[in-house]
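Each chain carries a letter (A, B, C and D) given by its place in the written order, and its residues are counted from 1.
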Amino acid sequence: MIAFGGPTGQTLAMTESSKGACLVIGAGDDTGGAIANAFAREGYEACLVRRPRNGSDLDDLAEAIRAEGNIAHALPTDARDEDAMIALVEKIESEIAPIEVAVFNIGANVNFPIEDTTGRVYRKVWEMGSFAGFLLGREAAKRMAPRGRGTILFTGATASMRGGKGYSAFAGAKFALRALAQSMARELGPKNIHVAHIVVDGAIDSRFIRENVPNVDELRAADGILSPDAIAQNYVMLHNQSRTAWTHELDLRPWQENW
Amino acid sequence: MIAFGGPTGQTLAMTESSKGACLVIGAGDDTGGAIANAFAREGYEACLVRRPRNGSDLDDLAEAIRAEGNIAHALPTDARDEDAMIALVEKIESEIAPIEVAVFNIGANVNFPIEDTTGRVYRKVWEMGSFAGFLLGREAAKRMAPRGRGTILFTGATASMRGGKGYSAFAGAKFALRALAQSMARELGPKNIHVAHIVVDGAIDSRFIRENVPNVDELRAADGILSPDAIAQNYVMLHNQSRTAWTHELDLRPWQENW
Amino acid sequence: MIAFGGPTGQTLAMTESSKGACLVIGAGDDTGGAIANAFAREGYEACLVRRPRNGSDLDDLAEAIRAEGNIAHALPTDARDEDAMIALVEKIESEIAPIEVAVFNIGANVNFPIEDTTGRVYRKVWEMGSFAGFLLGREAAKRMAPRGRGTILFTGATASMRGGKGYSAFAGAKFALRALAQSMARELGPKNIHVAHIVVDGAIDSRFIRENVPNVDELRAADGILSPDAIAQNYVMLHNQSRTAWTHELDLRPWQENW
Amino acid sequence: MIAFGGPTGQTLAMTESSKGACLVIGAGDDTGGAIANAFAREGYEACLVRRPRNGSDLDDLAEAIRAEGNIAHALPTDARDEDAMIALVEKIESEIAPIEVAVFNIGANVNFPIEDTTGRVYRKVWEMGSFAGFLLGREAAKRMAPRGRGTILFTGATASMRGGKGYSAFAGAKFALRALAQSMARELGPKNIHVAHIVVDGAIDSRFIRENVPNVDELRAADGILSPDAIAQNYVMLHNQSRTAWTHELDLRPWQENW
């Protein structure tokens, strides 16, 4: 084990004995956190990324993972910044562990009438929802391809499949991310890198929903809202699939959902 | 435990302590057999169905499952026969165990130029690939709905998503089966019945392939052909998914596949 | 011109100078009638088919087409009957004109909970919505392929793309018809036969809608309901497309539609 | 008619009697040129846009349209520049004619392995293929919505539907453009603005293909390559569709195409 001063100053632990690193971009919300936690429980070093301004939330998540006896590194990074993403992956690979699993989980859900959608918003949603995913995918692929193994998982949404009213920016970003996942899967599958796209189709039991949906407790009691831990189990399952039968795309929605 | 003379004469065992029945229509080929075996290992009584003329193969499969200490019933039935399917489900429910899992796994893959496709072939492929699936789905739903639980799984194929050259009959049947799965999922999800459709996109390590693909051993050695057991694990996974995050559709293909 | 006693007894006119025959299966409702009329106006002999029990409606349609100075033949036939369909096409080809355009326009829209869907209904909807389409497609292809030209058009619906609640039978039939159209297009395109699938996504200004939708007049006044004549123009357009740029699938819906 | 000094200096003619303006972004290649020409023949003033460095090509196209007695304006503009696009639309609306038809036809087809795709390329392809389309769509919508009419057409490609190997950037841009078209169609349809997406699936008889495909003359002779004029006819057809039966999406491919 060697010491390493992470971006937010805490000492990170690199263990020889871990299964490798699981890098989660968008570890800030409930889903990303649950995914990171689930892979940490599987023995991977959770490398947690969200934008620097939310660094303290990231530290909290890292602490929670460590409290279970697992390994986590808080690595605040602007995922839309190409140089920063290259440096992030280099740091993890050289100082923490080989990236065995890379998860892209940035949402960027906005809804505006087309006439009120500014170029700034349209671009920013794409940078968060597509460009950052491309950077993660490419940098992960560069490291995984020579090793001949790895898993890259992209979180999709209802808007990955359907351009609904007011969703020109968000659906644009999610459609592009799905295109990326398909293209990478076709290219990297034969290199033994498993690329999958998970379509989360419904409300997630997240901070935003808890603060904005009045009947959220009722929904949760009825299993009527997506549980982040349940979502996370599917990410771990995808990573563990036999390579004779890999899934590229699956959807996830609550049993009660009207779709 | 009570004794019960099954259709092929052997004594079937009904146990109070099992998790219930897993009914597999199309248990004759390698995939259906592996699915039945996987659920038997999970504690379900495997109810194995294929057409009566293949009854001895069915007995062999049942024996193989029992040899592992699990429970299996050989129930040869013509799945295209409405009365026979109603009687089959009634028999299982009254004499074996409640059907907790119903799997439809009949293939019916044929390829003919449109001009050479007879009405008889077109109809038969639909009867095997769609109508039998409808009968299973409906009879299972009738039993599961009052209990408020259950899982119904349909095996799809590449031809479920794309009507390729020469596949007017086969793709017709598989498209219709996918429509059935979607329609049932939307209707039965809110009744806590999980309906899913699995798109198997590639060659399976089955008897047909072993007899017709020259380099099958090479493919298997490279994990380049779908393993029936790996497929089966996904069926069990779907049954065990948290209902806060159910999958309706996923694809399965070997890592090397060109798609 | 030669005389020929048609199935309902009237004398049919065969002209050497027509552009050929346009066979419309399902010419009974407003859409099929409008399509037949539109091709008749283009100079094709409209060969009108619906089931024999609606023979008088067919005669009315034929009269309406003739009243415009165009040619129509009422040919009541059970489109689900393979022998009858073979005989129908033989009769048209030998006694009327070569079939240049074949249109399949049978609907068969029903909605039942899965548990209440009888095997009889499920089968009948498929026979009307898929099997009859297969018979038309195959018989038309047999005649068109040796001539190296022709157009075959299939009418789809919302249920061609989505298996909604209660639509296991109807969506099953429409999905299968779409599979047929795709498969035939891939096979017959290189034989210079244009196969297309039109997804009609919305209410049509038909007798059923006029009798069941209270605000139909208001909808029509606002162009908020699909006009059969507008639909028909798209069928003619598809037939007239340059073969350097053929459309296989398009959707049609009113401007106001919520989709 | 009033005189107006256009961006490249030539005098543009504004006629009171035209049907309005047809703005074509990406009028540089053969397809965009053919579309502009087709709408000019219908009586629209063709407003031709491609990037300023290709201004002379644009002048040539404008001359060719004028040589037929129709109206064209060469308006070289960087379509990725929000301010420039706002100014372009303002100029057309105030100095030429109301925009009745807006066509987005920028391609940006590139293919790179994921590992060799630079951030610069990924971003530039999106800016050309998606962001510019968004700017056109939004600015057109702003002008059309108060008038309660208009047509906005987006050119798609095979990569709009499928993320093929090496197409992470191009498919990303085309998927996003399709999302935009869907979202705008759902929002603007009820405002009587027809938004459609045309999937061009095959090689077009364009300068690039003529210079790179050896057997292009043979293909053209056999109608085996998409004719720009044939494509253009479909754009005009979409604009002229009855609003009781609007098409949102159609595909175009040569009759011989293997798809």
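As a working rule, a residue touches a chain if its C-beta (ideal position, glycine included) is under 8 Å from a C-beta of that chain, and two chains touch if they have at least 3 such contacts.
This structure is a prediction, so every number in the text was calculated from the model and none was measured.
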Interface residue identity across copies chain C, chain D - same or different by half: same
Chain centre separation in whole Å, for chain C relative to chain A (CA means): 48
Centroid spacing, where centroids are CA-atom means, of chain C and chain D in whole angstrom: 34
Cα-centroid distance, chain A relative to chain D, in whole angstrom: 36
For chain B, residues that touch 2 or more chains besides their own: 186
Arrangement of touching chains [line / ring / star / complete / other]: ring
Of chain D, residues touching chain A in the complex: 82, 113-115, 117, 119, 122-123, 126, 130-131, 134-135, 137-138, 141-142, 145, 159, 162-169, 171-188
Touch list for chain B against partner chain A, complex: 186, 189-190, 192, 194, 205, 223-227, 229-231, 233-234, 237, 241-259
